[in-house]
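Okay, so chain A shows up in both of these, paired with chain B first and chain C after.
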Partner chain A sequence: MPITTKVIQRPEPGRVSYLRAAFKGMALTLRHMVNPKTVTQQYPEEQTELHPRWRGTHVMEVHADGRPKCVACGLCPTVCPANCIRLVGGEDDQGNRYPIVFEIDEFRCIFCGMCQEVCPVEAIHVGRDFENAEYTRDRFVYDLDRLMQQDHPSTLLWDPSDPKGE
Partner chain B sequence: MDPIAGVPLLVSTSLKIAIMFGVVMLTVAYTTLAERRISAFIQDRLGPNRVGPFGLLQPIADGLKNLIKEEADPGTASKFYFLLGPVLAMGPALVTFAVVPFAAPLPTPWGVVDMIIADVPIGILYILALSSLAVYGIVIGGWASNNKYAFLGALRASAQMVSYEVPLGLSLIVVFMMAGNVTLTGIVWEQQQLGFWFAFPLSLGFILFVVSAFAETNRLPFDMSEAESELITGFHTEYSAMKFSMFFIAEYAHMLTASALMATLFFGGWDLPGTWDNAYWYQGELIRGFDASGAPMAAAPAVWKTLLTFAAFAAKTGFFLLLYIWVRWTVPRFRYDQVMELGWKVMLPTALAYLMVVSATILVLDQVGISGFYFGLALTGVSAICTVAFVFFLDRGRIMVGAAAPRHGRVGPRPTFGRGAMSSEGATTGD
Partner chain C sequence: MAKKTTKAGGAEAKKTTKAGGAKAKKDRGVAVEKVTLTIDGQELTVPRGTTLLQAAQDAGTEVPHYCYHPGLSSPAQCRLCLVEVEGAPKLLPSCTTTVADGQVVHTQSDDAIRMRRGVLEFYLLNHPLDCPICDQSGECDLQDHVFAEGREHGRGREAKRVLGRDDFGGDVLFYGDRCVMCTRCVRFMNEIEEKPLLTVVERGDRAVIDTFFDEGLEQSNWAGNVVDICPVGALVSKDFLHKARAWDLEHTDSICPNCSQGCNIELHTRDNLVHRMKPRTNLEVNGHWICDYGRGRYEWLNRGDRLEAPVVHAEERNTAMGWTAALEALKSRIDTLGESSVKAVVSPFWSNEDLGAVSRLVETLGGGSVVFRSPRAEEEITLPGYEGLARRKALAPNVQGAELLGCTRVGDDAAQGGLEDLMDHDGVVLVLGDALDDQPEGFAPNAALVVYLGAYTSSALASADFQFPVTTFAEQEGTFTNHAGRVQRFWPALSGPGAARPAWLVLGALLGALKEEEGPTRAEQAFGLVAKAVKSYKGLDYETIGAQGVLSAARVPVPGD
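On to the complex of A and B.
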């Protein structure tokens, strides 16, 4: 819609009616009083459906046997612009790399989603969630177990062939 | 049937006081809820709906919160008067309801109980005297806060109270002339006898009373004393917790009393159409009216009549409470000079002129010998003409000109933004 300007001419003094305007206002408010066009969303009962590309707190994908998919390649702490990911990698007997420590400080995180984009094995994701209140500050550093237990859906990556996510 | 006397009188009066105090406090509490919910509906919101079903327990939660909350007293305030302010505001607001009759007399095995706490002979003068005292609470509270804004609010409240007390009193005099009595029971009885609620024969008086009562209770569009955009919250800026709550209760109790007065003085109080519910103490007898020969007819009080008339009174009062809320969320606040101008230049002369017209009409009608129904009808006609003339005069817009409207066209040339090529009459439609 183009921006339009509507210039309202001020009525000449002596020709205005404040009384009629007041009664018109009363009629308008009465109409709304008896028939309110409420658009309020009753939040805890009615949940907002988040956009598929909403970027919230992280999710770590797991294998079927419960191990994290992360291979501790170190790409996400490298790409992270807020420097909020701490990763210490390890290697088991078969030579598979796995994270010993994987912590994300959600306070430092700017939710850019670059960790998800850069991950070669689609292990770390940002998620579709915003209810992440806690009672203490230290609870906002999510460790590996916590990231694996997150049960909200993970964010859809942007697809150039479907730019609007349809 | 005899009026109640002796120990039963003492017991019944104590009971009435206890019950009415409870009812008034509950009504005040639920008016605050109604205010919040109705304002929400008007603005297409929901309002408080979380505490209990439909938010019905919200006032209790508010009260508890205010009781538990920490009191923050300003260090520079005058301690004694700071405390005295809310007390002075709340006390008079609660005692004024004592002289308002709220139902038809109730028959009991011990005699007939009047449904009024104290039928004092000075009636409405008692209400006027005590409700004017409430401004002391506001002034003392505002002054003792040692705060510029609180003091300004208090000053405005007192000036406004003085200005609107005059048209309020003058609009009441026409009622007294019609009723020949200042007790509220007498005024209700006269309305029952005339067959007209005074809102019809005294329509302009009713309008003046409503406007003055809005100003007296410091409600929008007259809430100069707590104009948020100018004075933070005016006289109670420095008050917190229960002391603030007491000012709040006082404001709503005043609203309730004013609504009950509008209902009683101009809409027959607890009266319902018809003569079946009429009741008045006349020479020691409870009468319903006079027959053709002038002999009094005994009234037949009944419990169902009391209940029904109480419902009528509650409905009328409730309507005016709703009107208070409705107007508050529709009309913007007046400017201070507009309030004063309306009070002194419009309300006062109109009330005086109307008083003259009504008294002259009553005199003429009495001389001609018209009474009863045609008396009321004639006065209704005269008052209707006065009301139409008053509204017509106000409607000409000579009274209040908006602050932004210049006298002759625009004040200066329209500022041009960016491109200088745009002429002053460009961008009218923006296409």
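On to the complex of A and C.
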């Protein structure tokens, strides 16, 4: 595209009236008074619907008998780019491998969702939630019990209406 | 079928493994006939009798295999190492086919790859694919080969065989589902330990490895090796179960510290803790094997009761100091004492460099005696199938090195007692490494100066004039001399706590200050000083010792060995 130059003539001072512009502005304001268009969202009384792939605080899926689905395979701490997952594996009384310690530091987490993507047993998920304020910093390290108690929906890895990402 | 092959291969295996140690000598004596062949378009010349698999390894091509292991016989039953040889009617197992002149071998031809793909699919018919909970995951041959050459998706519709897990006794746990029936473990027991405790029961697709009735692997002293040679996660260590993932572990070449055999090992560490010990191949010392006694004793490297800062005892008080201040205080104490007789206790768990620095310091201070105490076992534990490998009687890695440096052994077989004349000594008492756990508090009350260089806090030496934190062998570079006089290097696997430094560095700095010269700053220099002092180390340096060690010129007989 060729570069073109447009010269704008500056009106001489003292020969311009601002009345027209002032009326134009007032007209817009008055129109909104008569016919209001709401843009402001009344949060927290009103909640936005989160996108299905919104990535927020984590959720640990639980078996029917209340055990965590995690098998302590160690892939999520390996893949985590922020190094925010601490995992110590062990064996429960039924001989199953399970996490003795599973902690996620939500402050360090960058919510990339790779832990969910890499999980071979679909145990750890990032969730559709963002309201996670706390009074102390150490409350942001979520341990296994807390992750299992999270009740918000988990994030979908892909858009259900477009599973192939087309 | 599997059992028969194993037995047939037994005699052959004995030959190969026994020859393993003597192979180098044989090569030197007789001129071996050479054969020229082509592997994957690369022409190479190898001695006649080499197998295709070894020749391919020399050429830099790793042919996938399960049943073949360099230390065992080759039954050629895993069928994964089949390669295409031009002129042969079908693919040949490369682990048993020997080279021939003018042979043209393709390991990556369409036929070979298609065959491997097929064989791997069969392996996965019953394999549970429980990689997330399998301890072998990350160092598993099946995982690697299937990832590289296997099918993306299985086609099996039948339910997989489920066997659960079985306690084989000792430190070994058996997950039957994961087994690929390579029978390496059975062959190890038959050929190397020569104590057939494992066997294949049932046939065909019901075949499974098992022990005989209630005779488990607790009767074996070398059973840990079957865990190492298992290519999949069928045999796993109870001690290591669920402890760490293979890819998290850092591997550092080291020497087993639990007897004077000096087996070459790797220390596997994570978070500055040793998680396990694995053998490192050295055909001159331990082949591919280490004993269960040595393998199981690594916990002391993770001990938490460590000295972390130099402590100076003055006016009834212990004060922690920095290195410079503490060494200056010690130097001024030595200067005021003048020449005095020294009695030193060292530990054979410390390196040649450290022990050499002690003997240099003893000489500089006015001469004296250096003793060491070392635990001893009643009997050796030999491995019948590998000559020259045994758990030795002397249960410390550097007894020979201490003897070569002129230290004498005192005390009993539990490394206790024998320090009566040190207790009343009125000169300088120097202790390296030995925490004197059997001695009463306030050791050597009449001594003019007591210096303790140790890794661990000691109640006997809690009021020593100087306590210096030093690193253990796992935290520093150095050498051990094994029972046969072989000098072998090890490398730092952990970082020492707090201000702990290698003893040779601390004593070297002190000696440097006393003599007004430069002390050694690298382990290599410290070894150079030892090599100068000990005749049989003549001409040795870190480069010649290398990763596999060098037999030193002389062997001093250790009393009772």
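We adopt the following convention: the second predicted complex is superposed on the first by the 139 of 166 C-alpha atoms of A that agree within 3 Å, B and C clash if a C-alpha of one lies under 4 Å from a C-alpha of the other, contacts with A are read in each partner's own complex, and residues count from 1 in each chain.
The rule we apply is simple: a contact is a pair of C-beta atoms (placed from the backbone, for glycine too) under 8 Å apart; a residue touches a chain by one contact, two chains touch by 3 or more.
Keep in mind that this is a model prediction, so the values were computed, not measured.
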Exercise. Of the partners chain B and chain C, which touch A:Thr29 in the superposed model: first, second, both, neither?
Worked result: first
Exercise. Does the superposition put A:Leu75 against chain B (first), chain C (second), both, or neither?
Worked result: second
For this session: With both structures superposed, pick whichever of chain B and chain C touches the larger number of chain A residues.
Result: B
Exercise. Just chain B (first), just chain C (second), both, or neither: which does A:Gly90 touch?
Worked result: second
For this session: Determine, under the contact definition given at the top, whether A:Val121 touches first (chain B), second (chain C), both, or neither.
Result: second
Problem set entry | Shared chain A surface residues [contacts with chain B and with chain C] | none
Problem set entry | Residues of chain A defined as touching chain B within the complex | 3-7, 10-11, 13-20, 22, 25-26, 28-30, 32-33, 36-40, 42
Seminar exercise, completed: Per the touch rule above, chain A residues touching chain C in the complex are 71-75, 78, 89-91, 95-97, 120-121
Exercise. Touching chain A in the complex: which residues of chain B?
Worked result: 38, 40-46, 326-327, 329-331, 391, 394-402, 404-407, 427-431
Exercise. Can you list the chain C residues touching chain A in their complex?
Worked result: 131-133, 137, 165, 241-243, 245, 247-248
